[in-house]
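So that you can tell them apart, the chains are marked A, B, C and D in the order they are listed, and the count of residues begins at 1 in each.
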Amino acid sequence: MGAFRHSSSLQRVAKQLGDRATLRVLGPDRKGIVAACSDLLNRHGCSIVSSEHYTDYSATPHSMLFQRILFDPEGLRDRSEVKTKVQELERKFGVKTKIDWRDKSPKVAVLVSKHDHCLWELLLRQQAKELDCEIPLIISNHENLRHVADTFQIPYYVFPVTPETKLEQEQAQLALIEAHDIDVIVLARYMQVLSKHFLSRYADSQIINIHHSFLPAFLGGRAYHQAHDRGVKLIGATAHYATLDLDQGPIIAQDVVAVSHRDGPHDFVRKGRGLERNVLVRALQAHLDQCVLVYNTKCVVFSD
Amino acid sequence: MGAFRHSSSLQRVAKQLGDRATLRVLGPDRKGIVAACSDLLNRHGCSIVSSEHYTDYSATPHSMLFQRILFDPEGLRDRSEVKTKVQELERKFGVKTKIDWRDKSPKVAVLVSKHDHCLWELLLRQQAKELDCEIPLIISNHENLRHVADTFQIPYYVFPVTPETKLEQEQAQLALIEAHDIDVIVLARYMQVLSKHFLSRYADSQIINIHHSFLPAFLGGRAYHQAHDRGVKLIGATAHYATLDLDQGPIIAQDVVAVSHRDGPHDFVRKGRGLERNVLVRALQAHLDQCVLVYNTKCVVFSD
Amino acid sequence: MGAFRHSSSLQRVAKQLGDRATLRVLGPDRKGIVAACSDLLNRHGCSIVSSEHYTDYSATPHSMLFQRILFDPEGLRDRSEVKTKVQELERKFGVKTKIDWRDKSPKVAVLVSKHDHCLWELLLRQQAKELDCEIPLIISNHENLRHVADTFQIPYYVFPVTPETKLEQEQAQLALIEAHDIDVIVLARYMQVLSKHFLSRYADSQIINIHHSFLPAFLGGRAYHQAHDRGVKLIGATAHYATLDLDQGPIIAQDVVAVSHRDGPHDFVRKGRGLERNVLVRALQAHLDQCVLVYNTKCVVFSD
Amino acid sequence: MGAFRHSSSLQRVAKQLGDRATLRVLGPDRKGIVAACSDLLNRHGCSIVSSEHYTDYSATPHSMLFQRILFDPEGLRDRSEVKTKVQELERKFGVKTKIDWRDKSPKVAVLVSKHDHCLWELLLRQQAKELDCEIPLIISNHENLRHVADTFQIPYYVFPVTPETKLEQEQAQLALIEAHDIDVIVLARYMQVLSKHFLSRYADSQIINIHHSFLPAFLGGRAYHQAHDRGVKLIGATAHYATLDLDQGPIIAQDVVAVSHRDGPHDFVRKGRGLERNVLVRALQAHLDQCVLVYNTKCVVFSD
């Protein structure tokens, strides 16, 4: 199995103990499902490192169960057997499950325009092993940030998008993304609205966007200027999965920072940069550590 | 002059030094206004305790100056002379000024419905001398909170409001408020929309409302339920001056608190209670300490 | 079984679903313990509402497991049978367990001196059903806060403590506390150091103290004055279990608030009041909701 | 006069309005000093952009005045005349003053060891014009971070320090620092204790250090490990001026972040990295924008 990687707190402490895998379960709440999952892993030689389980009794039409188990598969001889057994649980309880063996890092494509702060943050955090992923390529509609990519020796591809060429360029982007076998797309202040076609290719909560406001306040463009006009005393940033409804996708993380009358629109933008990069990294970390479960328009975000 | 009162940090430290007064100035930025104000106070025997001054160069059609001077009028013989001189400055520089001698506490009327948390907070903070005001009466449209008022021996008046009786009841409320010579009206989760008539009687930034969301998100009623439906990760509260545009008045203070998937709508409400009372008190403190200057739809909030 | 009580988020949502109980497990990490607990509860008709489980690999001499299961015992016929089976698990795995059926509210005694802010907060939160407990008595070494107790019709006992009478008074306090069958003692700014004798009677993490600093900075008395002298830019408060080592007990909760050069020692005290009451309530909530597991000198605090 | 630079909020808004200068005043509180300063600037053609003034009545042996005026010297013909007049004020009122014309950026030397996070942050913020300074050189006792310096094309000098060579190496460092006419030295996790000799050469609040704890908790080395052992629920970082008393210098900025039982010592270190870089940048910004006035062992930090 793969070498130890530093994505999470437990992995780090547990360096000598081997790799970690996760089992996530989502579905209608049924008596016995928690015990069944723990028992299954246990019987196949896996130790449970940590687990979290939550039941949403306000969900309709029936209560929903969300579960995340981080386990040590060291004593496991046959992965496929566990997989088969988990599929049996799926059928028996009518739930959805996802196993991640975490023996190779997920691949992340970063899309940017001209703002560099989120890109720097992502690349520095990945380099510091705070993001458990590979970043094999950066895509932009402008040349501006090539030097950042170069610093980390990551290929940088430019697709100049115009209203006329947009769909065509997106096709080329998608081809590149698929060629690299990308797992997650991060829109790091990418100033283009993705087409329905693009979004539906990665519709399974695989595109993370950072919006420069405390959603649902200040939808759309020039959010900081809207906020300044309104005279708010806090500004926010929101990381969410991109869906067909612009700025309406499930929220993964949010944060705010204080502003005062002394702060002009430029200061909102400056303070917002600090916020955006932090919120985006926090959301991506949660995603990469398999802490997020999406249900309807909301995210359950477990602690790692 | 009045006895020492504990409203602000400087007053407290300066106990032996006598009272404090404020001079606030708002208007088009003109060279010399800052020096003129300091000089005027100085020449009349007042010592400047602290001052803050800010110029908004983004204001239109011309830059705007905002100034707050906290001064010690101990050495002042004749207030009316200072008043006259300040009025001369008003004319010379084309600004608005406001002097508060702070020798008697402002009078606050609190309007409530059924939620008690903001009312308790206001009364406890006033009792602890953290709010520099008197609260001579509490007005409600329900009997529910009479016991809270009784605890602090404050008269509690009930005006049951129905769509039919609303204007009539407001007239009676206004008569009572005027009879008590009220300076500030605090809507401490008062669940009625005030009429245009009522609002225009206290239109000079004299009505403070607490809204249970991070405005401008989730306007109107059931804000926490709206927030829960959207799946936000932070909830907020906003204190603002009430104006004719519902939930659109100048924002004085805002704050947020984290929520998670474990929090149902009831938890949003519970966590929100803690927020609302804090934000409302902070806004009222700023108002009572003469730290707020309103310009167009925004508040300049100086530190005390 | 007892009526529904509003202590926690899940209980509130689950109003119609019956009561909630918790099983907490602490001990050396053994393969199979998680599955065994879930399975046991399941086989006896209990549904798991939520659970959290964490393994501390840095503990010495061996890894330690911490687990909290919130379950619905509605379908359970015989509590004693579950108890017996859990004791079998204890022996088999060498762990400690604790079951709380939560069908009656824990009883809390509050000890105070002259500061009223923590006492008001505790009583208001309990009244608002945000603290799942009864408060049958308040003990003080001064008469000062009797009016607060009277407001909530709670008996208030005064034991004037002097160096000479201290041990004798403590005996009387302990007799009263035991007569009321108290589960938790809260030192809500009680300005006396408890004797070794008193502490050892409630040594099993049953005494919660609020210290007015960000421990371990500023141990002992006049913490805010120490902080002011040092020129800190944040002040803190710490809730911890009281142990024989003054201010050294396991920390349950901490928080901070910003201060500036404008804040004198009195402002530190004032701002600290807001902090202390919040941190104390948060710690007591975690304790009452059986979210805390103490190991050596530290607390594992699970989310409710 | 120098070109516009983007250090502060007001400068940015005021792009077309010319440069900004500051006058800072510190000394015993005397009636008339505020008016005198404003008046002086005004009479010489300077417009006051913003000002803040604070009197510390708790200072001993007499009240202390702190003042910062940000002014626009556009209409000023003769700087030396203003300088002379300000010196007259110094003598008349017995205060200390400092004028910064801000027409050239201060020069900052960054000292590092092996941790890169603070260095990246300083260089990226300087590049984004969020730090109003030049960084002409980076000094280290290790080769490790040369690639970071190279990315920004900043000279990187290595002085391998051993107990034997320490004083000698410091001499060489000081020679280099003086040759570059450095105004501020930033210890960006420089893991060496500077000698008394070095410190006294830049004793006038010119050396800023970042300490990885919430001072005064956890002095000295391995602060995060100390914090983990104590079981704290928040960790902190502190930026302060370095003085002869290790970790005892005047505090400029502090912040904290929450930790939980899930966080091992490595997670404290990881979370602390985010804190340290933010706190250090905030402190350096305040210093560079001439917002800090040091008195005894404390900093008055005005808003910009």
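What we mean here is this: contacts are C-beta pairs under 8 Å (C-beta built on N, C-alpha and C of every residue); 3 or more make two chains touch, one makes a residue touch a chain.
Here is each chain with its UniProt name: A, B, C, D = Formyltetrahydrofolate deformylase.
In this text, all values refer to a predicted model and were calculated from it rather than measured experimentally.
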Note: chains that touch chain A and chain D both are B, C
Rounded to a multiple of 5 degrees, the Cα superposition angle from chain A to chain B is 180
Looking at Cα centroids only, farthest away from chain D lies chain C
Between the Cα centroids of chain C and chain D the separation in whole angstrom comes to 42
The distance between the C-alpha centres of chain B and chain D, rounded to whole Å, is 36
So chain B residues touching two or more other chains come to 10, 13, 50, 54, 57-58, 260, 262, 264, 303
Per the touch rule, the chain D residues reaching chain B in their complex are 10, 13-14, 17, 29, 31-32, 34-35, 38-39, 41-42, 47-55, 57-58, 303
Given the complex, residues on chain D that touch chain A span 9-10, 12-13, 50, 116-117, 120, 124, 128, 130, 151, 260, 262-264, 266-267, 270, 273-274, 278, 303-304
The answer for chain D against chain C in the complex is residues 54, 56-58, 66, 214-218, 230-234, 236, 250-256, 260-262, 264-265, 297-301
